[in-house]
Amino acid sequence: MSEAVVQDKKRFVVPIGPQHPALKEPGHFEFTVDGEIVTGATVRLGYAHRGIEKAVESRNWTQSLYLLERICGICSHVHAMTYCLGVEKLAGAEVPPRAQAIRVLVAELERVHSHLLWLGVAAHEAGFDTLFMYSWRDRETVMDLLESFTGNRVNYSANILGGVKCDVTPDLASAILKGVDFLEERSRHYLNVVTTDEVFLQRTRGVGTMSKEVAERLGVVGPTARASGVARDIRIEAPYAAYADFPVQIVLAEAGDLEARFVVRIKELFESYRLIHEVIDKLPPGELQTRMPRKIKAGETISRVEAPRGEAFYFIKSNGSDNPERIKVRTPTLCNMGSVVATAVGHQLADMPMILAGIDPCFSCNDRTVAVRDAAGALVTWESLRQRRLAHQENK
Amino acid sequence: MDVLKTLFILLIFPGGLFVLANGMVYEWADRKLVARLQNRVGPRWFQPLADLLKLLAKEEVVPESVNARLFVWLPIVALAGVLTGALYLPIAGLQPSYSFSGDLIVAVYLFSMLTLCTGIAGANTNNRFSLVGATRTLTQLFSYEAPFLLAMLGPAVAAGSWKISDIMAYSSTHPVILLQPVGFVIALIGLMGKLEMRPFDAPEAETEIVAGALTEYSGRGLALFYLGRYAELIAGLTLMSAFYLGGIHNQLDYIVKTLVLLLALAGVQTLMTRLRIDQIVGLWWRYGTLLVLLQWLVTLLLKGMVL
Amino acid sequence: MLVDTLRSFFQKPVTRLYPFERNASPERLRGKLHWNPDNCTGCCLCAKDCPSDAIEVITIDKKAKKFVMRYHADRCTYCAQCVQNCRFSCISMASGEWELASTSTEPFTVYYGNEADLEPLLGKAPPPAVDMP
């Protein structure tokens, strides 16, 4: 590494990751800099590939739910819900409306926790630790609510194939409403801070701007897209669970810079608070679960859910047995990663962590497949890898 | 006997160890204040000491690609510079151990040694984070140094002497903070720049360049740099209160005045976002220097009128 | 922001000094599993859907409906699927026991059942661990 610096004087590359204080998860970025200005950026992912998709094939439908829920620690409910919705569609099961509404409720609480978490992380990347401490302190409110609602702070496992496990009691409903009202007031304050704090604005306004055209070309999703004026939200385009009964208002911004992403995410919080109120007010009565068969009818389907970071996508294929035949997951971070590379060039090195945090990356959930290529650039197949291992063992 | 006494002054009291211990206490106070402002609990009182002991107990790794002698000596020089500078100051309300006319200039330059050594230390290694950090450290040094020095010289000009004790005598009889408010603010902010406190911590912005210039340092070397910074915190606070807050006459005076300053520093640290290096340079040269020059003009005019 | 910082300066810090200060765990918290053998039919549905093979239902006497359970707290993911699966409400996770950390592996293998049924099992040397699939 040191020689590379000496020899390659023209191209001074600053590596960020796989281990770096700015990244809480492994990813590797190489920024070519000229002084402090970034002139090129590349990204390499795949450090946290866990082989979950393959592992699911050897588990039954119920066991898979809990493995898939652990794809992401922040939006675990989203993954479980996407999977359940897909499998229920395959099985042709009718999920009771109360269960669907509770799914929406947990999903929105999760969005609140995820956005508040992001607010803190992004502020920390900018070097505004006070905002980081405060927003995480307030986030504790929603974590506690989720804990008393579902029984755990992360990996809520509120879902079960065919419904949900936990019900809303009147006590819980009033606790949630109280917590949400407190958070609404705090979020108003944070919105005020990120739009008026002069010093903070110097780090966000006009930084990492992505125009609507670029956003559309790169196919970015979620709040990152909405901050660039791209109206894209699965909750509105293809309402799932109970979103048809509880319509969502889209939050858009035009500027496409970091400030817009702050504004969009915080305004989405207000939308979530409103939805939580609405769901609790109009919670349909009825059952929580419907019975699901152990074997799911053969067939294939896709299932899409708006995660806090954008669209989560599942492809589910069944061959009629106890186990899924194939499950393919695509998480929003993968779609948004291109925008980091596209917007990085021309900015200061100091802005890189901010731009990176701007898409709210979640590395371990986006690391799905690794393509291994040999020295000649040809794709290495699973079988040849196996052969290699056997040969290697024999040589020993 | 005389040699022993001098050594005692230099190494133990009021120089050397005493300054360091004092520095650690203030470092703790700073961390605690920031923590409380952020609604956290903050560290226990022995935390800086514990950090130090831990670092001293650790292995010091000298990277392959560096000039090893420079690598080892830089932290020592840095610490020695700060400690020497501190000898000319009325630390803890005691008489400065040494004093001569013009000691202000010497002291201020000795305090810059730390930053300079940090910069060179970063440039000495081949680590890319260190190199970027070193560039930033030195850039920042050049941007705040001139205004800071000018701001420190403001009271000196008013007092008509470049000897620290003379200036202190002057500031005891004149409300310097009211006469030169701009100088005070600039000196305070300059001190934050010197200590690389937020919002001027771009040279060691952890989310960008890990630990900046000191990334490759570990163990003893890092501990010495930290000690240097603690001592500089004390020195800066003492200098500020001596010049702008009406001098330091006894221990209580010292504690109250420096703590008030520390509270102000902690407040700015909590309220600010880290500035980018280009923004820092712009800030200093566009506003800092001009304002402090303006202040000088006013001071000189006032002086001319009084005389 | 200024008001905020000033307010928190005079507030008590929100940090809780665990383990000296503890919060009561919420009612629904999924803690260590407990098993009541009285109603168990030995259907093994709980073990079948457990995502991490944390439950073993051991048959002592099928006719007399005598079963014991070996529960591996270290494998359990606390998902409560087993609670949902059991039709006879034998399993409960509402114990509020969540501080399960230990420096040895022993406390993680737990036997539940009537004492008379357990005796032969516990008297013997601990059975070899079952391999994970």
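Assorted remarks:
Letters A, B and C mark the chains in the order given here, with residues in each chain numbered from 1 onward.
In this section, a contact is a pair of C-beta atoms (placed from the backbone, for glycine too) under 8 Å apart; a residue touches a chain by one contact, two chains touch by 3 or more.
Keep in mind that what you see is a predicted model, and the values were worked out from it rather than measured.
Arrangement of the chains shown, judged by which pairs touch: all-to-all, with no pair of chains left without contact. Chain closest to the overall centre, judged by the mean of its C-alpha atoms against the mean of all protein C-alpha atoms: A. Rounded to whole angstrom units, the spacing between the C-alpha centres of chain B and chain C is 56. The distance from the centre of chain A to the centre of chain C, each centre being the mean of the chain's C-alpha atoms, comes to 30 Å. Rounded to whole angstrom units, the spacing between the C-alpha centres of chain A and chain B is 44. Residue positions of chain A touching 2 or more other chains: 130, 134, 137, 197.
Those residues of chain B in touch with two or more other chains are numbered 37-40, 270-271.
Of all residues in chain C, those that touch two or more other chains are 1, 5, 8, 14. The part of chain B that touches chain C in the complex is made up of residues 35-42, 267, 270-271. Residues 37-40, 63-65, 126-129, 131-132, 135, 198-199, 201-202, 205-210, 270-279 of chain B are the ones that touch chain A when the two sit in their complex. The part of chain A that touches chain B in the complex is made up of residues 1-2, 5-6, 12-15, 20-22, 33, 35-36, 123-130, 133-134, 137, 197, 199-200, 202-203, 348-353. Residue ranges of chain C in contact with chain B, taken from their complex: 1-2, 5, 8-9, 11, 13-15, 17. The part of chain A that touches chain C in the complex is made up of residues 58-60, 62-67, 69-70, 130-131, 134, 137, 140, 144, 147-152, 155, 157, 160, 165-166, 189, 193, 197.
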